[in-house]
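Here come two complexes built around chain A, the first alongside chain B, the second alongside chain C.
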Partner chain A sequence: MTHTEKRILTNKIVMVLSTLSAAIGIAFLLWILSVLVINGIEAINWNIFIYEGAPPGYEQSGLKHALIGQLLLVGIATLIGVPLGIFGGTYLSEYGGLKSRLANVIRDVSDIMMSAPSIVIGSFVYAIFVAPMGNFSGWAGIIALTIIMVPVILRTTDDMLQLVPSTLREAAFALGAPKYKVILQVVIRGAKTGILTGVLLGVARVSGETAPLLFTSFNDNFLNTDLSQPIASLTVTMFNYATSPYEDWQKLGWAAAFILSMFILGLNILGRLILIKRKRK
Partner chain B sequence: MPTIIDITEDKAIEVKNFEFTYAGSDEPNLKNISMPIAKNRVTALIGPSGCGKTTLLRSFNRMHDLYPGNSYAGEILFEGRNILQEKEDMIKLRTQIGMIFQKPTAFPMSIFDNVAYGLRLKGIKNKSELADRVEKALKDAAIWKETSARLKHDANGLSGGQQQRLCIARAIAVEPEVLLFDEPTSALDPISTQGIERLIIELKEKVSILIVTHNMQQAARVSDYTGFMYLGDLIELGRTEDLFVTPCEKLTEEYITGKFG
Partner chain C sequence: MNRFLDRFFHLSTLSIALLTLLVTGAIFGVLLDEAKPAMDALGLSFLIDTKWAPNLEKFGALPAIVGSILSTALAMFIAVPLAIGVSIFLSEISPQIFKTPVGVSIELLAAIPSVVYGMWGLFYFVPIIRDLFGGLGIGLLTAGIVLAIMILPFMAAVTRDAMNTTPDILKESAYALGGTKWDVVKDVVIPYAKAGIIGAAILALGRAIGETMAVTFVMGNVHKIPSLITDPATSIPVALANEFTEADGALYFSSLFYLALVLFVISFVIIAFAKYAFLNRGKRAVS
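Let's turn to the complex of A and B:
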């Protein structure tokens, strides 16, 4: 075999292997999605949005409590986490920079936090909040979700702001702008699509979290909007229903899984669309 | 000793025994520079890469202050004050001494808002005054024709040459006394370059101009005075026609005849 033939053969082998690997990955993804969609669509009906949880066998049972609980948990975590993440990321990029030791320590810590198992965050919140307070509560869940969300938004904001060319900052300074105006009016504006993507990814990330909610916000089978009490979430409800022996509860579990997946898929697609739009400009 | 022409015209800026040291550098990166910058004239700085011409240029609006650890010594006299003093108000200084960068730096906002940026910083809120001054600046920067119909459009949709003229419009809108150009055409095509050069010559009626350029022909075309820098020293400053035809210093002659650099 000549050298060239060898190279052609190696090329073919690598191509076949990588195509095969990709195909296996996609096949499993499609399998999961198709099972989810088939079972999910079958389980979805108007009752889900109208009724709260009910004992097995009841016709009038739904996920209203879990949907509203989920929106409250994720919504308030977003309200707290987004400003924290964006302000923190702005500090890292604009006031700390790449040479500041403090900024680099914060970067490293948030990178570690991003890959920390979320159940660890949950047990941390249990230890410092739930146990002293004496009960599970919506606030505990919100704290856990916020802790998970902040590093994602923080690092994306930091990265996106650093992509803004330093000449743009200098140009704004050269016109006599004070630093806070340079940051607010020029730098953040220049990075806004990237930051928005980071926010969407952060929200998507916490929307699917179950482990940290299991022992913080716990669960409630009925509608509750009092955040000082345990509160239902789609993820924990899904976990409880899917592991129950009752067929109608399992169906509700499928519905919860479907709604949650579509929500996260939607956020991800939105994030991608924003990025594509920015590149076209 | 460097050969520095003693100009008889009015001076916009007078540099005296100026030294500049970058953070972490053991010795000054600019050494004992003294030079006048004539009022309503174009002064060009030439020299090989790394000679310090951009470093010198960025001292006039204290751009080096944005990065910690840099230090100045000596004097840069502007309007009777030494702008290197601690108490110098950066915001005021930078509205008096504007800057155009190597690459166009259009802000991520509309054409109108770009030009209005400096005006708004100055506290001008009146809509009709803003509109008038934006229009005047765009006209002075010879870009009104191309932009008048799309002032609300994103400035990043303009071509490189247009963006550079937009940046000039933005800088002159606040009516500075001095404009600093840092290789303003090095990222542009020849036709855009010609447009910017013509603009620089027109602008000197209103402002004093200091331009750093890699291109000796450009210095010869646009400037009245030219300074040659080498390794952090200002070797020679003279009338442009003299410096390029009969340089006093041997180093200058070697550089402009292409023996090095």
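Let's turn to the complex of A and C:
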């Protein structure tokens, strides 16, 4: 075999191997997706939105409690986390800049916090909030989710504000506007689609979190809107139902998984579409 | 008035930004504080003691630490070659019409909550392992594979992005010299994207070691160093998820916080190392 033939053969082998590994990887992912969709669609019906949790075997059991609990937890965490993330990111980009040492330390720490194990954040909130208060509560879950959400929004806001051309800022300064007005009315406005993408990604990120809720908001099999009490979430409900031995509960678990995944995928797709639209402009 | 508002705005955004540092510091401080009783009682032998028996007030973290390391190592062993294969396929081999749909679906799969991967593992993958290897089907091997599948989309997406940064002109020059695709990948693309690929692998490692939900379903939470790869085992996050709400007794609680602290420090170090050593500080990608 000549040297050239050897190279061509090696090339073919490697091409086959990497196509194969791509096929294996994609097959597994399609498998998970199809399991999710098939089980989800089979398990979904109107009862899920009408009824609360019930003992296994009951016809009239649903996920209303978990859906409402999830909306409350994620919704309030978003209301708190979004302004914190946006204003923190504003500081990094507008007052700190790329050369400020403080801003860079905050950037690095938020990058690390974005990948920190979420169960550790759950145990932290347990120690500072659940243990002193004496019981699991919706607020504890909200605090945990907010801690996870803020770094995501903070870093995207920071990146997006830096993309705003400095000539825009200079033009506004030249008109005599004070800095806070320049930031609020020119810079943030100019970056608003980018910031919105960050917010969507941050919300999507916390919506799927289970581990930090296990020992903060805990769970409740019935509808509860009192945030000082334990409250159900789709993720923890999914975990409890899926690990139960009852077939109808497992089915509800798949329904919860399907609803939640579609919601998160929807947020991700929306974020992507907004970015594409902005690029076209 | 404007000057006052300016100062006010500056200071309030500054204090919000500082909050991030404060919370991170507080997590360290609080975990350390809560773990203190266990640290005083058990010291560093906590980390090498193999017996975890809450009823006897004996707490040794080695099985959980070993379980974390083994399951993560297994996951990386499976996921790294697959992710690199997927990214070579996406950036060099795949016909143009596949690139976007396959690429986008991989990115979307990275967004699916890990608890769903865990459910899939429990209902569909555990029976397969049980039929193939006997036993319960729950254990180290299953946990490693489920973890690998969970980190695959994330790692493949970041690796592909790193490979795609190779300038076309470099690749074209190599092709013009008569290089095969593999020559180009091996001698141009991989060297160019090396830092990004290693960084992606280490970030994936950080995710895998702290992952709770994907493995809690399928690992078994048995505090014993597994002698077979198919044996049930436990890892730090699995032990925390299973035992936190059940713990009674101050030492038990404190030991769990000690575990959480160990996990936090390990993943903090891994992620910081990946950021500083391999990922370009100038081009900060949202990960």
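In the analysis below, the second predicted complex is superposed on the first by the 258 of 281 C-alpha atoms of A that agree within 3 Å, B and C clash if a C-alpha of one lies under 4 Å from a C-alpha of the other, contacts with A are read in each partner's own complex, and residues count from 1 in each chain.
Simple rule for what comes next: a contact is a pair of C-beta atoms (placed from the backbone, for glycine too) under 8 Å apart; a residue touches a chain by one contact, two chains touch by 3 or more.
What you see is a predicted model; the values in this text were computed from it and never measured.
S.K.: Would you check which partner chain A:Ala211 touches, where first means chain B only, second means chain C only, and both and neither mean what they say?
M.R.: In the superposition, A:Ala211 touches chain C alone.
S.K.: Given the touch rule stated above, what does A:Pro55 touch, chain B (first), chain C (second), both, or neither?
M.R.: neither
S.K.: Between chain B (first) and chain C (second), which does A:Gly266 come into contact with in this model arrangement: first, second, both, or neither?
M.R.: Neither partner.
S.K.: Quick check on the superposed pair: does A:Tyr91 touch chain B, chain C, both, or neither? Answer first, second, both or neither.
M.R.: A:Tyr91 contacts chain C only, not chain B.
S.K.: Counting residues of chain A touched by each partner, does chain B or chain C come out ahead?
M.R.: Of the two chains, more chain A residues are contacted by C.
S.K.: Once the structures are superposed on A, label A:Gly75 by its partner contacts, choosing first (chain B), second (chain C), both or neither.
M.R.: neither
S.K.: Per the contact definition in the header, classify A:Val186: touching chain B only (first), chain C only (second), both, or neither.
M.R.: first
S.K.: Go through chain A and flag every residue that touches chain B in one model and chain C in the other.
M.R.: Of chain A, residues 178, 181 contact chain B in one complex and chain C in the other.
S.K.: Show me the residue ranges of chain A that touch chain B in the complex, using the header's touch definition.
M.R.: 165, 167-178, 181, 185-186, 189-190, 192, 281
S.K.: Going by the contact rule set out above, which residues of chain B touch chain A in the complex?
M.R.: 61, 63, 66, 90-95, 98-99, 101-103, 105, 107-109, 117-118, 121-122, 154, 156-157, 167, 170-171, 174
S.K.: Spell out the residues on chain C that touch chain A in their complex, using ranges where they run on.
M.R.: For this pair, the touching residues of chain C are 2-3, 5-6, 8-10, 12-14, 16-21, 23-24, 26-27, 30-31, 33-34, 81-86, 88-90, 93-94, 102, 104-109, 111-120, 122-124, 149, 152-153, 156, 180-183, 185, 203, 206-207, 209-213, 216-217, 237, 240-241, 244-245, 256-257, 260, 263-264, 267-268, 271-272, 275, 284, 286-287.
S.K.: In the complex, go through chain A and note every residue touching chain C.
M.R.: Touch list, chain A to chain C: 7-8, 10-11, 14-15, 17-22, 24-26, 28-29, 31-33, 35-36, 84, 87-92, 94-96, 103, 105-124, 126-128, 147, 150-152, 154-156, 159, 178-181, 183-184, 201, 204, 207-211, 214-215, 218, 235, 238-239, 242-243, 250, 253-254, 257, 260-261, 264-265, 268-269, 272.
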